[in-house]
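Each structure below is given as structure tokens.
The same subunit A turns up in both complexes below, where it pairs with subunit B and then with subunit C.
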Partner chain A sequence: MDWTRILVNTAGEIFAPTTAAYALAAIGLNVHFGLTGLLNMGQAGFMLIGAYGFAISTIAGWPLWAAVLVALAAAALFGLLLGIPTLKLRGDYLAIVTIAAAEIVRLVGRSTALTELTGASSGLRGNSYKHTFQDASPFADGTVALGPFEYSMNASNSWWIRIVGWGLVALTCLLIWLLIRSPWGRVLKGIREDEDAVRSLGKNVYSYKMQALVLGGVIGALAGIVYVLPRAVQPDSMGRPMTFFVWTILLLGGAATVFGPLLGSIIFWVSLMFIKSVMRVGVPESIMRTEQIEQFGWVIVGVTLMVLVIFRPQGILGDKKELAIDVR
Partner chain B sequence: MRSAATRDRSTAAGVLLALGVLVLTTLFTLVPAPSAGAAAAGPCVADAATGCINGTVTTADRQPAVGVVLEVDGPGGTVQASTGTDGRWSAPVTAAGQYTVTLDTTTLPPGEQLRDPSGNPRTVTVELGSSAGALFPLGEPAGTAPGDQATDDASEPSDDASSDVGAPVGSSASGSFSWSRLAQQATNGLVFGVLLALASVGLSLIYGTTGLSNFAHGEQVTLGAIMAYVGCQLLHLPLLVSGLIAVLVGAASGWVQDAGLWHPLRRRRVGITQQMIVTIGLSMALQYTYQFFLGGGQLRIVTTNPTMLTLGPVRITMTSVVSLVLSALVLAAVAWFLLGTRIGRATRAVSDNPALASASGITVDRIVRLVWVLGSSLAALGGVLMGLYLNATNWNMGGALLLLMFAAVTLGGLGQAFGALAGSIVIGLVVEMSNLVIPSDMRYAGALLILILVLLLRPQGILGRAERIG
Partner chain C sequence: MSADYTVPEPVPFATTTAGRDRVTADLSHVARTPGVIKPDAIVVADQVTRHFGGMTAVDVAHLEVQRGAITALIGPNGAGKTTLFNLLTGFDRPSTGTWSFDNRSLSGVSAARVARSGMVRTFQLTKALSRMTVIENMRLGATHQPGENLFTALVPPLWRAREKEITEQAEELLARFKLDAKRDDYAGSLSGGQRKLLEMARALMSRPTMVMLDEPMAGVNPALTQSLLGHIQSLREDGTTVLFVEHDMHMVRHISDWVVVMAEGRIVAEGPPEDVMADQAVIDAYLGAHHDTDLGDDALLEDGIERLEAKEQNR
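Here is the complex of A and B:
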């Protein structure tokens, strides 16, 4: 068993772009669920909207900043559209509608009717929209090795996307830290704890919820961009399972905390990678085939989510007194 | 304090045990696993009313590729075929014209890929009484740029083709409007809606009695379908027997779930939102467990070609007619149970107001247990019939239908059993008839849009009572 390789692979997950993307998505979901108590089950929809917005406008020849703006604006619009019918309804209705809306985005994206725009179910190839991001890199091309980790500087799965991705994670963490301490954040927490009490203080609960939904969705769109930059935009890889992974990450790290999503994402991907690499080497082909090991990994994720919610809903960093999941 | 802590621990142990039992029972019932699609339909023979499309799929090193699923779509409807042990496949069609043949790349043997991905799907012209070939060579693709794909793509969950499990026989995807097409799609919609109702009545009853939105209900549907597949294809039992086994397994799984998981959680006073997230985790664990044992490909419960009946402008398979009658009978029985029996009245009382029902001497927990068993067995039956109607099932069939069920249940009024029936038929008609106006791969999206519109305009649903639900 080649332990060095397994350990290097596993350690690589700590700062992989995917980990950063999921951390960002979980930070967005934290604004929805941790701060405001909104049950958004469609975070993958926001991510997919962001990914499409960025990729399609880049392919249309727009510069990097404009493409990012398009992605964020599209996610904000999606949040508004979703919020209007649902924010006045009970929590589980919001869950059903957001999950349905995310599915609509995916189904429309993979429909053959829009092949020219979205590439249908095969999606958009990474090389068609990566160039503006790669050209924006201030570093020289080539591969750089840092200890045992060797990646190319700018192309695809690069150091550059790692730097930008984790930079964004740091920035949004700072933003959340400031928000939690601000009067605005206190109103959100009030809504989470007791909506009617906040309403009786004369606050417009609907408008606050809408702002939270849009803000978290925009962060989700950023996560979508970071997620697709090292790969391709494939609608089917950004479906319901993705939303559920983001939820597992958030609940693992601890909702309503600043660093919970970050820690959750790192633990989630590192342990998943570790379990799968060890099993690939340690379990003979006759007992479990390679793709079965993949699926076994996801079964573990599902069971982890159940056990977490039942026994430790506040996660690793959370405070049980602060977060009563069942607010309504 | 102390006793509370002990009780907590014992319920905790109970929950874990139940989880284990649940997963294990699923595992053991599924053990005789992977030989997906080894049996294929008998070869198609062209005659005056039938044309054939056929071909052979061989791997890059000239071995036959077994179990590859192809879908043929065109004027005569949609037919699915899969390759046999010799790599051959054939699909009968009943109308001449241009057909699109799509090879489901997820069913290719591991490591194989199409030599020319742009040639999939491809179009062939078929005439009645003759055969046409459609070849899909496998091997290294000619013009892919190496190093384009990300290195860690292998760790992504596969969710391919999750929304379209298959298409009902006789459903046509393209073409212009005509009254006969309208009638055809309406019939399909009715069948689909009634089958959907079987699945969603349970969802609605469970919501009504416990307040839980069960996101794992789709997996109960899948369970029914794949148990029927296991019975028919792996154990070679007759369809009727394996259908019965599937319903019994479904009922048992409902009992086990409530006894081992949801009852302890209710006793532990775990909040309803928390329970909802638990159902999501359960749904994920079950989906991948199914995939673990049966693979990601299409599973055909019955591999013979269906008998078609022609009633005026409408073509319908014999299976669909039988399913329709069977589901109507079962739904009528459920209605009689709810309206005419004491236990049924008790169930409705619990749905209405659990505290009041409990105070008037109804054992709420027993009713809830019964609802879980009833709901799960209905879902399993729905799954078997849906698997027959869609021609194939897979690990994700229930997951894809789940949102349609939610749409149906919300449309009818959450928690109203008869609302679920009405809502399902509307959703079924919308899904099948939206083919007439929008591309068929967006038909589920139309139904979900209705869900959102209902919440906007009449959140209590068609049959729900107007109340503040915000």
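Here is the complex of A and C:
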């Protein structure tokens, strides 16, 4: 068994672009659920909107900054549209509406009527929208090795996307750190506990919930951009499972904490990669084929989530007294 | 109200000085009829009705609440007291009707805006925000905190000064309500009575002109009841109007200046506590004949037995 290769592969996941993208998505979801108590079951929808917004406007010839703005604005608009009818209602309704809305985004994206724009079910090829981002890199092209990790500087799965992705994670963590300690964050926590009490104290609960939904959604769109930059926009790879992975990550790390989503994402992807790498080498083909090992990895994710909810509902970094998902 | 208070200059007219004496004097001329007009009403409600399907929960033709007074709202279960509370504070929409608070119409105004206009309420089932600390609960009650805006929140220097003021005010109130030892505990760890105190203290953070208390004494132990009563009375001395729903008749008798009785959604009687509690209709509908006596008192039992025996002998 080639342990060095397995360990390098696994350690590479710690700072992989996908890990950063999921950390961002979970940070967005943390604004919804951890801070405000909104059950958003459609975070993948926000990510897909961001990905489409960025890719389509880049393909249309827009510069990088404009494309990013389009993605964020589209997610904000999506959040507003979702929030207007649902935020006046109690929690669970939002869960149903968001899961449906995320599916609508995916199904519209893959419908053949929009092939010109979205490439339907085959999606948008990465090379058609990556150039503006790669051109923005200040570094010289080529391959750079840092210890055992060797990636190209600017091309697809690059150091450049890692730097930008984790830079964004750091920035949003700072943002959440500031907000969680501010009076604004306090109003959100109050809403999470009991909206009527907060209403009786003169706060416009509807407006605060809307702000949280839009802010978390915009961070989700950012995550969508980071997620598709090293690959392609594939509507079917950004469906319900993605939302559930984001939830697993958030609950694993600890909702309502600043670094929970970050830690959750790292642990999630590292352990998944470790399990799959070890099994690929260790389990003979006669017992489990490679694609079955892939599936088995996800089975383990499901079991982990169940174990987590039962034995450590507040997550790794969470404060049980403050927020445990089993007391609602 | 400092200690070195000198004798004030005489004023030509005795205008609204707050407090019990003033309120008693003002209300002494008011007729004891339902829907009567008050000399200085802060809340005026007209034709307020609320139907739930075919059931009429509230049907109030006219109601005025005297400014600066402690008004009790009593009545049997299902009389519509809490529904009327919810309507007045914007937590429920009426089927018909209008009302004003401090000469501003509040019908159809959202709960948050009602609170911002100075009418703050508490709830029958206490709504302490359990997973926030006591001091955070208190801070949430304050108004005019610029940091509650998403963008100012990101720049702490813009809201730190106000936060400090709020914290000082909160600590002062906590000390008054004897919750200062619990400052950094989660509100969920408080006892039921302490949560009632916290909810009331939190409501006072916004310095409201009127406080609406929905059963402030439910589940509170006798010693704590005493201090709660004291707090409510000191509110009146500060000029705050209090309207409360309560089933504890001792409390109603002890602190209220005016009592409004509701039954089946309507106001059936109004007046000072002594008068209302002597009203035969109120006794029949709500209080019961022995409302003044301790039902656990053996004398009552003996009294009943004697009467039964007398009845036997009369046969």
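Before moving on, here are some points about what is shown:
Quick note on the criterion: the second predicted complex is superposed on the first by the 324 of 328 C-alpha atoms of A that agree within 3 Å, B and C clash if a C-alpha of one lies under 4 Å from a C-alpha of the other, contacts with A are read in each partner's own complex, and residues count from 1 in each chain.
In this text, a residue touches a chain if its C-beta (ideal position, glycine included) is under 8 Å from a C-beta of that chain, and two chains touch if they have at least 3 such contacts.
The structure presented is a predicted model; accordingly, all values stated were derived computationally and were not measured.
Bringing the complexes onto one copy of subunit A puts subunit B beside subunit C with no clash. Look at A:Leu179: by the touch rule set out above, it reaches subunit C but stays clear of subunit B.
By the touch criterion defined above, A:Gly239 reaches subunit B but does not reach subunit C.
Residue contacts after overlaying the shared chain place A:Ala136 against neither subunit B nor subunit C. Between subunit B and subunit C, B touches the greater number of residues of subunit A. Look at A:Glu103: by the touch rule set out above, it reaches subunit B but stays clear of subunit C. Once the two structures are overlaid on chain A, subunit A sits at the apex of an angle of 90° toward subunit B and subunit C, using CA centres and rounding to a multiple of 10. Legend: residue contacts after superposition of the two complexes on their common chain; A:Asn157 is shown touching subunit B, with no touch to subunit C.
Using the contact criterion defined above for the overlaid structures, shared-chain residue A:Val281 touches neither subunit B nor subunit C, since it reaches no partner. Judged by the touch definition given at the top, the superposed model places A:Asn127 against subunit B, while subunit C stays out of reach. Of the two partner chains, neither subunit B nor subunit C is touched by A:Leu117.
After superposing the two complexes on chain A, the shortest C-alpha to C-alpha distance between subunit B and subunit C comes to 9 Å. Residues of subunit A that lie in the contact sets of both subunit B and subunit C are absent, per the superposition on chain A. The residues of subunit A lying in touch with subunit C in their complex are 175, 178-179, 181-187, 189-190, 192-194, 196-205, 211, 215, 321-323. Of all residues in subunit B, those touching subunit A in their complex are 12, 15-16, 19, 23, 110, 145, 147-163, 213, 265, 268, 270-274, 276-278, 280-289, 291-292, 295-296, 399, 403, 406-407, 410, 438-439, 441-442, 444-445, 448-449, 451-453, 455-456, 459, 469-470.
By the touch criterion given at the top, residues 16, 18, 39, 41, 84-86, 88-93, 95-97, 99-101, 103-104, 106-108, 110-113, 121, 125-127, 156-157, 230-232, 236-237, 239-242, 244-245, 247-248, 251, 272-273, 276, 290-292, 294-296, 298-299, 301-311, 313, 324-328 of subunit A touch subunit B in their complex.
Residues 89, 91, 110-113, 115-116, 120-123, 127-132, 136, 139-141, 143, 145, 147-150, 153-154, 156, 159, 163, 186, 188, 199, 202-203, 205-206 of subunit C touch subunit A in their complex.
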